[in-house]
Amino acid sequence: MQSEEYRKAIEAILLVSDVPVEPSLLAQLLEIPKAEIENICSELMAEYENDNRGFVLVNVAGGYRYQTDPSMAPYVERFVLEGQTSRLSAAALETLAIVAYKQPISRMQISAIRGVNVDAVIRTLQQRGYIGEVGKDPGPGNAILFGTTSTFLERLGINDLSDLPPLSNFVPGADIVEALEDGLRPDQYNDVLDSQQHNDEAKPSNDEAASK
Amino acid sequence: MQSEEYRKAIEAILLVSDVPVEPSLLAQLLEIPKAEIENICSELMAEYENDNRGFVLVNVAGGYRYQTDPSMAPYVERFVLEGQTSRLSAAALETLAIVAYKQPISRMQISAIRGVNVDAVIRTLQQRGYIGEVGKDPGPGNAILFGTTSTFLERLGINDLSDLPPLSNFVPGADIVEALEDGLRPDQYNDVLDSQQHNDEAKPSNDEAASK
Amino acid sequence: MSYEVDTPVFAGPFDLLLHLILQDEVDLYQVSLGGIIEAYLAEIQRMEGVNLAVATEFLLIAATLIELKSRRLLPDTSDLDLEEELALWEERDLLLARLLECKTFKDASQALKALSNDASLSFPRLVGMEEQFLGLMPDLLEGVTPKSINQAYLRATAPKPQLDLFHVTPVKLTVAETVESLIEELPVLGKTTLKHLTKSSVDRVEVVIYFLAVLELYKQGVVDLTQIKTFGDLTISWLGFDEDTDFANINTYEG
């Protein structure tokens, strides 16, 4: 079988699959090394891009699949109508972020971070298929542990969890830490500042009153 | 919009459609004459053939759609036979069992019991011919209702649904337990209502299934 | 779905507290505890009659804030029970650590949102197998009996008990203790990095607590900090302290 034929076979298989196809499965079906599959797929990706096709080949959630080119979204949306996935609330997104970065994690641990009961949010995320039960805590209570699913990876358009930006990118800078700290500090230091603040406020108040 | 863009938009729309798309619909979506759509599609057909792609664009049943190139059938067959696990996953089996005992049932009701999104599983079961659409919910939304097929009965070696073991030693479902739990929590009034709904459905299912 | 404190403003007490403290980032130093408490209590009043769990959490935090404030109003704190005072500081440290963690995931969630927004412009092909091949599909029901269908149904609907101890916080370390241990550890190490100090930390909150402790030492002038690039590792150099360095002044260290 020629390389041309492999290429063609991959295109045909990907066309009829409704889930991302793992390169190892393609390798098994075509009886060629996985590395070669990956080469061919990279070539296909480049070809479609060069030819300015309306579809793209992507590597997502551990496999290859066909998707529409993002620039064609307005037309596709007009066609699918109902395809619009409903948006997640801020609360759901934050919970999802915690699960994504700290999995496997129990409901209780998520609640401890969010400071609120997360039962309802967890249920929503589970129903949408973004998170799932991945095990049980071996400790007392045997709490259910949650993790993200391949649907989550698909939804985010990433191949695996290592494609997420590192959490350290989001650790608040020293300025924020200080602001928070000062906000919660009942010591002399703040008192001094406070009294300065009052002085500062006292001065312009005349003008303010006049301008009203 | 350039002709290049029309071409791209058609490719994107055809990629996501599971039925042949009529040229008149494409004309409407792209706001160009039907004749032009037909020209572009002919060009695309020729391009794919020249590029020796593994898929072809065909005009079938009054519309356009992508299909695998007939010469690639051996690989697609291999994918069908080897690519997918030859046994139902636990999740799929549970979904099938819910449909069997509680039919007619909507996708949403199944999700509510399983606690996860069941779209993909439903599609698999439907494609395999084990379940089918048996009607529409008369209520708002007109949800599709699913039931098991005669193929299902055949494969199981039974004559009708009454041959399924009755749910005699009925253990309270997760939904009922949850409803009881939630009843103790004043903050989740709505959840209680939700679960009660499932609850009500769960009880008579035994007789219903048996009577069919 | 149960009530979520999502609209119009905040999803939970941390969210609110974060907002109250950070709303005026420009005037960092004008944030006063008194003002925060007032706004906080106002928000609790606004939330009258909602989710009990959320309201309880609000009250807990409000109580800590009020304690901090009352502590400040006392002219002479020397007669305060040392134990009580330390406990109060621990509460504060914990609150701070949790706020930082909350903020971290808040920002991370925005990144996830951006990824998902980009991804949602591209639609996957979900058409599935062509009709001509459907007949080839292996019978997935082989070996499945009516009894296994029955068992699968019972499994699907079986009760799934869940423990809900959301108010339990797993953090064990405090800033006060960490400052104490660093004062012993750093003179020996001389120069080190935050990454090195926290390499054995399992929990991210622990890292945050180490960070706060180092910040305390920095304010007292006993260490010097350098960070070459944003988000880079923090280098900590021990400067030492003279006889008259007043450690009683270290905000989380008493005695």
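For reference, chains read A, B and C in written order, and residue numbers begin at 1 within each chain.
We take it that contacts are C-beta pairs under 8 Å (C-beta built on N, C-alpha and C of every residue); 3 or more make two chains touch, one makes a residue touch a chain.
Here the structure is a predicted model, which is why all the values come from computation and not from measurement.
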Give me the ID of the chain with the smallest distance between its Cα centroid and the all-protein Cα centroid. A
So which chain is farthest from chain C, going by the mean of the CA atoms in each chain? B
As a quick test, compute the distance in whole Å between the mean CA positions of chain B and chain C. 41
Euclidean distance of C-alpha centroids - chain A vs chain B, Å: 26
Between chain A and chain C, what's the gap in Å when you average each chain's C-alpha atoms? 19
Mark out which residues of chain A touch at least two other chains, giving numbers and ranges. 15-18, 55, 66-69, 71, 76, 80, 83, 117, 119-120, 123
Using the touch rule from the top of the page, what residues of chain C touch 2 or more other chains? 1-2, 51, 53-54, 123-130, 133, 160
Under the definition above, what is the set of chain A residues touching chain C in their complex? 15-18, 55-56, 58, 65-71, 73, 76, 80, 83, 85, 88-91, 93-94, 96-98, 100-102, 107-109, 111-121, 123-124, 141, 143-144, 154-158, 164-165, 167-187, 190-191, 193-194, 197
Chain A to chain B touching residues, read off their complex: 4, 7-13, 15-19, 21, 25, 28-30, 47, 51-55, 66-69, 71-72, 75-76, 78-80, 83, 117, 119-120, 123, 126-129, 132, 151
Considering the complex alone, what residue numbers of chain C touch chain B? 1-3, 50-54, 123-130, 132-134, 136-161
Residue ranges of chain C touching chain A (in the complex, touch as defined): 1-2, 4-6, 11-15, 18, 20-22, 25, 28-33, 36, 51, 53-54, 57, 61, 65, 68-69, 71-72, 92, 95-96, 98-113, 115-116, 118-130, 133, 160, 162-170, 204, 208, 211-212, 215, 230-231, 251
Using the touch definition from the top, list the residues of chain B that touch chain C in their complex. 12, 15-18, 67-68, 73, 76-77, 80-81, 84, 86-88, 90, 92-98, 100-101, 113-114, 123, 127-130, 152, 155-158, 163-165, 167, 171-177, 185-191, 202
